[in-house]
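Right, I'll just put the structure down here and ask away after.
Letters A, B and C name the chains as they come in the text, with residue numbers starting at 1 for each one.
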Amino acid sequence: MLRDAGLVALKDLRIEWTSRILTAQVLPFGLLVLILFGFGISPERIVQGRDRRTVLEDVSPALFWLAVLFSSLLALGRAFAIEAEDGNLDALQLAGLDPAGVFLGKMLAISAELVVLELVIGGGALLLYGATIEHPLLLVAVLVATTFALSAAGTLYAALGAGIRVRDTLVPLLVLPVLAPVLLGATRATESALYGSASDGWPWAGFLGAFALLYLGAGILFFGSLLEES
Amino acid sequence: MNASELDGPRVKRTVLGQEGRVVSTSSELTRALGVVAIVASVVLVVLGLFVSPADLFQGDNVRLFYLHVPVAIVALYIAFTVTLVGSVMFLLKGSVFWDLLAGAAAEVGVLFLGLTLVTGMLWGRPTWGAYWVWDPRLTSTAVSFVLYLGYLAVRKLEMDPTARSRRAAVLGIVGFANTIIVKYSVSWWRGLHQGSTLKPLDSQIEGLMMFSFFVGVVAMMAVFAWLLVHRFRLAWLQYQVDERQLEVALRERRSEGSSSGLAQGGI
Amino acid sequence: MLDGVVSLIGRFPALAGINLRIEASEVILLRGPNGAGKSTLLRLCAGLAPLSGGSGRVLGHDLGLRSSRRLLRRQVGLLGHKTSLYDELSVEQNIRFWAKANQADPGMVDVVMDRFGLAGRLRSVKVSGLSAGQRRRTAMAIVVCRRPSLWLLDEPHSGLDQEGRGLVDNLVLDAAAAGATVLVASHEVDRVVDLGARTVTIAGGRAIAESPDVA
C-alpha cells in the first residue's frame, strides 16, 4: 500500500511540476480571491470595541481559509482530470495497484500542493490584511491538521466524481458541505493563533486532526468501491 | 432482491400491470398507515392550535414546535439512519432492494429537512426577530440539507447503475458521519446560544404540551412511513420496468446479429 | 470460457449472451461490424466491464467475483482505443511509471523503448507532443513490459504506419510463441489470419460464427 502510495504521489507531483498548473493558475486564482475580498469589505472599516482592529484584519482568518478552500477545489478537480482523460483509471486497476495506496498517494500529492497554496496565500493575507501572528506554534499545528483534513476528505469526494461528465459542477456541491466543519474549525483556531488566546485554539486543532484521521480511514476503506467499474 | 419486508408479494403481483390490472403502489399496509397519518395529523392540529395552551415566554409561537421538532426528528434521526443502513447493506450484499430503500429514505428525508428549515425560520421571525439566526441547530440542519441534496444528485447521475449505486452508498455512509460532525462542530462554535425549550406554567399544562408533541411525533412518523413505502415501491416499479426494457433491448441486440452480421458478408 | 455472458454499458446490452471457448495459447481474430460488442468483450476479458448475466472464466478466474477479477487484471495486457498515458510526462517517464506500477522488470524499459523506436529523440518528448501513432507505440511498449498471459488488442493496427503495423504483427507472433493467448479485434482480416488466427465473428453482442478457415 505504501509503495503504491509513494509511486502515485511522486507521479502526481511530477506532473504538477512539469505542467505548472498550480503555480501558473491556481496560486494566482487564490491571490485574486484575497484581493476581491478586500474590494468587498472596505479596508477602512474598524471593529467596535477595545481592539480597534480593521474589519478586514478581524475576518482575515476566514478569508484566508475561504481562498484556500476555493483554490483546493481546482487542485482536486485536476488530480482526477489527469486520470480520467485517457483511461488511466482503468490502467491503474489493471496494474493491480492497491486502491488504498492510490487514495493515499493522491492525498499526499494534494497535501503537498495545499501546503504551497497555504504558504503563498497566507503570506498574501498577512500582507494585504495586515494581520499579525500571536501564537506561531498553534498556527503551524492548525495548518498541518487542516491540510490533511482538506486533502483526505477532498480526495475521497473528488473520486466520487471521477470519470463523470458533470464532474466539474458536481464535486464542489458534494465537497463543500463536507468541508464546512473544517472551515469552521480552521477559522476559529486561526483566529486564536492570530489575536486570541491559544487555549481556545488547541481544541479546534485537535478536532481538525480527528477529522483528518476519520476521512483517512474512510478513504482507505471505500476508495476501492468508488473506482470499481467506473 | 428481497422486497418482502415492505409487503413484497403484493408489489410483485401488481408490478407489471399485466392483463389490464391497475399498477398501484398502495396496499393494506399503506392504507392503514395513511389512516393513522391523517387521524394523527387532525388530532395534532386540534391539540396544537386549539387545546394546548400558549407558552409563558413564547406565546402562540410555541405551537409551531409541535410540527417543527417532530419533522426534524424524523428527518435527522430516522430517514438518514434508514439511508445509512441501506447503504451499508448494499455495499455488503449488493442487492437492489437496499439501494432503492436508501435512496427513497434520503428523498423523503430531504423533503422533511426542508420542512424543518422552513418551520424553523417561521418560528425564528417572531421569536428572534429574524428569519435566520446562526442558531447551531438551524445552521447544521442547513448544511446537512445541502449534503443530502448532493447525495440525491449522485443518484441521478448518468452512468453505470451498479457503479452509481456503489458511489451513492459510500456517500450515504460518509455523509451520515459528516452530519454528526457538522452538528457537533456547529454547536461547539455557537455553544452559548442554546435553543429554547418549552417553559410551561405548571406541570398539568406541561403534560398537555408534551402530549401534543408526542402526537406530532406519531403523526410525522406515520406520514414519513407512508411516503417512504410509496416512494420505495415507485422506485421498485421503475426498476422492474427497466429490467423489462432490458429484455427488449437484449432481444433487439440479438436480432441485430442475425440480420446484419453475416448476411452482409461481414465487414 | 464464456457462457451466455451479458454485459451492460449503462442500460445498453453490449454483450447479449455471448458463448465463446478459447483454448490457452490460441490466437483469435474477433471480427464484426462497428458496435458489435468487440471492445466490450475485450474489456470483459480484462476484468473491467461488469458481468451482468451468464458466467465466465478467464485464465481460470471467475468473472463474477470481484476478488478474482482483481487477480485476473494483473495478468492481462489490454491495448484499447485509449492509451492511458499522462500528457505532461515524457515518453520515458510514462513507461517507467507504468513499469513500476506493473511491477515489471526495470531492465525491460530500455529494451522495449529500443524495440518500439522510442529510444532516440522521442525519449524525452512530452506525450502531449506525440502523434497518434507514436502514442500507440508507447502504449504497446508499456503492455509488453507487463508480460501478460492474455493479450487483448483492440484495433491494434489502426493509425499506424507500415513499420508500426509490422511491430504489432511481431508482438502477436512473439506472444503466441511464448505461450500467451491473444485476442485481436480487427478489421484487417487477412493480416491477422496470416498470423495463424482462428476467426470468431461477433454481431449483435453474440458470437455468430467461428471458423478456422475463413474466406
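Observations on the structure shown:
As a convention for this text, a residue touches a chain if its C-beta (ideal position, glycine included) is under 8 Å from a C-beta of that chain, and two chains touch if they have at least 3 such contacts.
Quick caveat, the model's predicted, so the values are computed rather than measured.
If you draw each protein chain as a dot and join the dots that touch, every dot ends up joined to every other dot. In this view the innermost chain, defined by its CA centroid being closest to the centroid of all protein CA atoms, is A. With centres defined as mean CA coordinates, chain C is found 46 Å away from chain B. Note on chain placement: the centre of chain A and the centre of chain C lie 39 Å apart, centres being C-alpha means.
Centroids built from CA atoms put chain B at 32 Å from chain A. In chain C, the positions touching at least two other chains are 50. Of all residues in chain A, those touching 2 or more other chains are 228-229, listed in ascending order. Touching of two or more other chains is recorded for residues 158-160, 162 of chain B. Of all residues in chain A, those touching chain C in their complex are 4, 7, 11, 14-15, 18-19, 82, 85-88, 90-97, 228-229.
By the touch rule above, chain B contacts chain C in their complex via residues 158-162, 242, 245-246, 249-250, 253-258, 260-262, 264, 266-267. Per the touch definition, chain C reaches chain B in the complex via residues 6, 8-13, 16-17, 31-34, 36, 50, 187, 189, 201-206, 208-209. Across the complex, chain B is touched by residues 156, 160, 163-166, 170, 173-174, 176-178, 180-181, 184-185, 188, 207, 211, 214-215, 218, 222, 225-226, 228-230 of chain A.
Within the complex formed with chain A, the residues of chain B that make contact are 91, 143-144, 146-147, 149-150, 153-154, 157-160, 162-163, 166-167, 169-171, 173-175, 177-178, 181-182, 185-186, 188-189.
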